[in-house]
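Chains here go by letter, A, B and C, matching the order in which they are written, and residues are numbered from 1 within each.
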Amino acid sequence: MRTPLRIGTALVAVALMALGTTACTTEEPLPPLEEGQTEITVRGCTPQNPMIASNTNEVCGGNILDASEAKLVHYNADNAAPELDVAESIESPDAINWTVKLKQGYMYQDGTEIKAHNFVDTWNWAANDNNAQMNEFFFEMIEGYNDVKFTDPDCEDDACETAAETMSGLAVVDDYTFTIKTYEPTSNLLVRLGYTVFAPQPDAFFADTSAGKVEFAQAPIAAGPYQITSVSDTAIVIEKFADYSGAYAGSVDRIVFKIYNDANAAYTDVVANNLDVTDLVPADSLVGDVWKTDLVADDGSPRWGTKATGIFQGMTFSPETTDPGMADVRIRQAISMAIDRDEIVDVVFNNARKAADSWGSPVVDGYKPGQCTNCVFDKEKAKELYDAAGGYPGPLELWVNGDGGHEAWSEAVCNQIKNNLDLECVVQTTPDFKTLRDRIGARELKGIMRAGWQMDYPSIENFMTPLYATGASANDGDYSNPEFDRLMRDAAAASTNEQANLLYQQAQDLLNKDFPVMPMWTQESQFGYSTKVKSIKMTPFSTFDFSTVELAS
Amino acid sequence: MGKYILRRLLMMIPVILGATLLIYFLNFSLPGDPLAGRCGDRPCSPAYEAAFRAEYNLDQPFIVQYVRYLGKLLHGDLGTNFYGKSVAHELAIRYPTTVKLAVIAITFEAVVGVLAGILAGIRKGKFIDNLVIVSTLIFISIPVFVVGGVSQYLFGLKLGWFPVTSGDGSLEQLLLPGLVLGSLSVAYAARLTRTSLVENLRADYVRTAKAKGLSTARTVGIHTLRNSLLPVVTYIGASFGVLMGGAIVTERIFNVNGIGNFIWRSISQRDGVSVVGAVVCLVIVYLVVNLIVDILYGVLDPRISHD
Amino acid sequence: MTETPTTIPAPVPPPHPESVGVPYPTLRVKDTAPKARSLWGDAWDIMRSRPLFWIALALMLLFVVMAAFPQLFTSKDPRSCFLINSRQPPSWGAIFGYDFQGCDIYARTIYGARASILVGTLTATVTAIFGSILGTLAAYFGGWVDMLISRIADVFFAIPLLLGGIIIMYSIPTAPDSPYLFVVFKVVFALSILGWPAIFRLMRSSVLQTKPNDYVQAARALGSSPLHVVGSHILPNSMAPVIVVSTIDLGGYIAAEATLSFLGIGLQAPTISWGIAISHASALGYIRQAPHMLMFPAAFLCLTVLSFIMLGEVVRDALDPKLR
């Protein structure tokens, strides 16, 4: 009987094959924690780019850099108010000429000291088109920014040239002092400087000669409370920087960002106590507050929290030149009033959003609720206005991008418009965000278009100038009102915050009257944590405040 | 035998070339912008866009891109993906996990599928046969994402029998996703075994054996089973491709850090270099597995000769 | 799981059909039969005696009618949705309950039949026709024609269906304003282009087994044109396995479409389809809170796939003399 032998040989062959391919598993385990050290695991995702602040604009890399970088200004974890960190003082007599003084002895993780030239060099490097950094536009207010752009924006490979190497608005005075000159009065400059992109790079960064500084980015050196110690495909590890110079030292010794491709999996792991913290709760688990019953500790205390974050969602009305049907302001008001935002927030978002009745986000200074009177749901008045204006030549198109989870609410909005105005409404989905932006940019889209805005820095100004000033980069509805532009300029040059905020609010009255964009909702972020964590705070930027984490004993 | 394997290996070359061309064509020359969504809520700056396109040869015509890619492929270089990492390395660290997952799925498929098929085949027309027919049909018609999600909730979270997700890809963590992955193929394997067994049980040699007074167990065990399992072996080899497709969904649900998850991430970010590399790898593995199955077939069935 | 396996329950041809003479039973007209009866006539007699055949046929017809004339089954508008009804469980007013957007699930399930059945039947038909023609060509002419077509088939065969489908769907973007049928055709195209080699292989080996038969040789010797030989002698005697496998595959294609929708690249709203309904309702939170949103469209999908697969199996049993 030869069969058993033959089958046996075959099985051995298969087993060998399987072994051969599995034998090469090589993920180095983390070194064990020392006695008394603490560790938490946090949901992470794969950074899209090398870990350089000026080339990172997504949360996967951003959340890591946020913990590892020290900035001139630190945002308060509760209310996003700016507090001086590396800076000793940031002052200006006219909101154009700024002097920045640094604290002495503020150390990098490699033992060198932060000096004024680190800031100036970093900013010049990041703004220069030759380095093609994604976040270069953050420096556009600095004088000389236009000179470090390619003279011909669509340049072919060889013909790329910039008029200057560095920005004329930056100058080093001494080791601990430098000056900034802006093109226009920018009274909120101090607030802007807290963004990670303004963090100073150490000398080691400039010593790296690899293209795109990728070698430096493998193990970046910064001056923040945590140091990036390992980056792999399954986890990014940051460890507490023992000699941290600032006032926001970390509380946990080691933080492991475990990589998840799917937020659902991370959430499920937190529920099962396999992961300590997640910053995302999937929409379907918000339904009926399932997540609040999932995330309960043994003693009945909640393992979840919420935080209002600086994200504003609106809908832009297609400009008159593209869609003449939208010309009459009464049509725009009617559409807005026909939407029951509270119902959508309640049913679709399960209160993960807040119905908006103003422009901007409640987390920033200068926000005033109730500015948008057209945002109040009133279907009778809506129908009245709509009929009085002679109606809209339907169907109304509602444009969103298909890669951002916008299907549910956009369908709900469309159904409400259909039911309340008797106007046929169709959701149009572009495959991705880029396509939506491109088509909006080409002014091809009729009807209403999604307009989301996540704040770059916590200031009401950031929710207005880039969106509604004449010719601004994200002014999708081609809104133009000289009075509005004048108020923006005056507010930027205002001597006090209160005065500036007053002017911004006056400008919002104009927005309510002209109504180029209807506010929809602002964001509330949800987070969950394991029984290992006693308390953790989320910041208005949807990141975690690692300086105040408390672990259960 | 050696000659046969050599011929089969040679025949793989045009197939691999064709598959790379096809996938490459789909990924690169058709619309869909890799820069989509890279710069968040703003358009990318022109300088960034130009640098990005130049780095990945996106500004070249399709055929130039393809030839350059093939040239690198010949040296075993799968290129650098949009994350700036070597695709070959990315695949190498993920491959073992997916192989483990596939081995679990195939083992499940072979053992449970064949057993269920034998039970049903011996008791043709009886209750157990109908039970197997209906339950396998249900598995065939429910999409894998429903099976995956529900079993993760039920067996992972509620009952706690299995880890909820797979972090580092240990065998224990891969068990549940492996079973889910194998659930469709198990149904097909069972049906195939049953059909094949029923056919063989009617063959003359079985009747002879029975007439000689052999017990049913012996008839089935010795005489019929070996012949009946031949088509099942072929099917299991071919089902490898099904598993690879299914892995995309399963790995995503259970956060398995394998090829499927990698492909899905790369596709949704238009990371063409990664997609082409991963798919080419899968195609090669698939062809090799099928070659091995064919050789096995010859080993199991003396009537087939490869010489 | 959703992918159609590349080799299907039907007896699998061995790697080298020319070197061995087994598995697929040659379906030839029995010359020993006292009364000349056609293969299909025999099969019909067997099929109609089996209750499973009638159940499957009735179900299938029901779904096809549903797809063609949904308004026969419901008077409700599937697009009339009120958020206030969101996720309401089944009641007398809405026997299947309401979905997330507050649309009537019964109406949407009825209207959803069309897209799913279109995708299933079209894909199965396209692969069957395309695969059969190429398979016949390859087997009949042999030589370099066979070599060429076989290698091309190998290329497509080597790419897993679901994986290739995902890549194709991603590569051909759908303009948001494109008509419903365009998207359906796109799905059909993606699934067909990867599905035909399986049918091709089946047909090729089937024709290879029919070709040496005496009646084919006789017809050729008598000087019949190749077209006539293929049309009257080869095709009728080699189509059976293809028809069977296609019916079984059809169910798999419907399920594959659902998976593409789940991944967000198949049919998309405002199209109404079971796949979309299932994928929208299949998140864990919804399954726990409102299982009826998933249950009803999933049940319809299962029943449809079941009815086609059952029918295919009955036909196969009837056509296979060994299983009689």
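The rule is simple: contacts are C-beta pairs under 8 Å (C-beta built on N, C-alpha and C of every residue); 3 or more make two chains touch, one makes a residue touch a chain.
The structure presented is a predicted model; accordingly, all values stated were derived computationally and were not measured.
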Comparison of A-B and B-C by number of C-beta pairs in contact, larger one: B-C
Central chain of the complex, centres being mean CA coordinates: B
Length of the line joining the C-alpha centres of subunit A and subunit C, rounded to whole Å: 46
Subunit A-subunit B separation of Cα centroids, rounded to whole Å: 38
CA centroid of subunit B to CA centroid of subunit C, Å: 21
Where subunit A touches two or more other chains at once, by residue number: 264, 268, 403, 431, 435
Residues of subunit C touching at least two other chains: 173, 283-284, 288
Junction residues of subunit B, two or more chains touched: 32, 152-153, 264, 268
Complex contact set, residues of subunit B against subunit C: 11, 14-15, 18-19, 22-23, 26-27, 30-32, 137-147, 149-150, 152-153, 181, 183-185, 188, 191-192, 195-196, 198-199, 202, 230-231, 234-235, 238-239, 241-242, 244-246, 248-249, 263-264, 267-268, 270, 275, 279, 282-283, 286-287, 294, 297, 301, 303-305
Complex interface listing, subunit B residues touching subunit A: 32-33, 35-48, 50-52, 54, 82-84, 90, 92-97, 99-100, 103, 152-153, 156-157, 160, 163-165, 167-169, 226, 252-255, 257, 261, 264-265, 268-269, 292, 296, 299-300
Interfacial residue positions of subunit A with respect to subunit C in the complex: 264, 268, 282-288, 290-291, 340, 343-344, 347-348, 399, 402-403, 407-408, 411-412, 415-416, 419, 426-431, 435
Interface residues, subunit C side, partner subunit A - complex: 81-84, 86-87, 100-102, 173-174, 176-177, 264, 268-270, 280, 283-286, 288-290
Touch list for subunit C against partner subunit B, complex: 1-9, 11-12, 14-16, 19-20, 22-23, 151-152, 154-156, 158-163, 165-168, 170-173, 251-252, 255, 258-259, 262-263, 275, 278-279, 282-284, 287-288, 294, 298, 301-302, 304-306, 309-310, 322-323
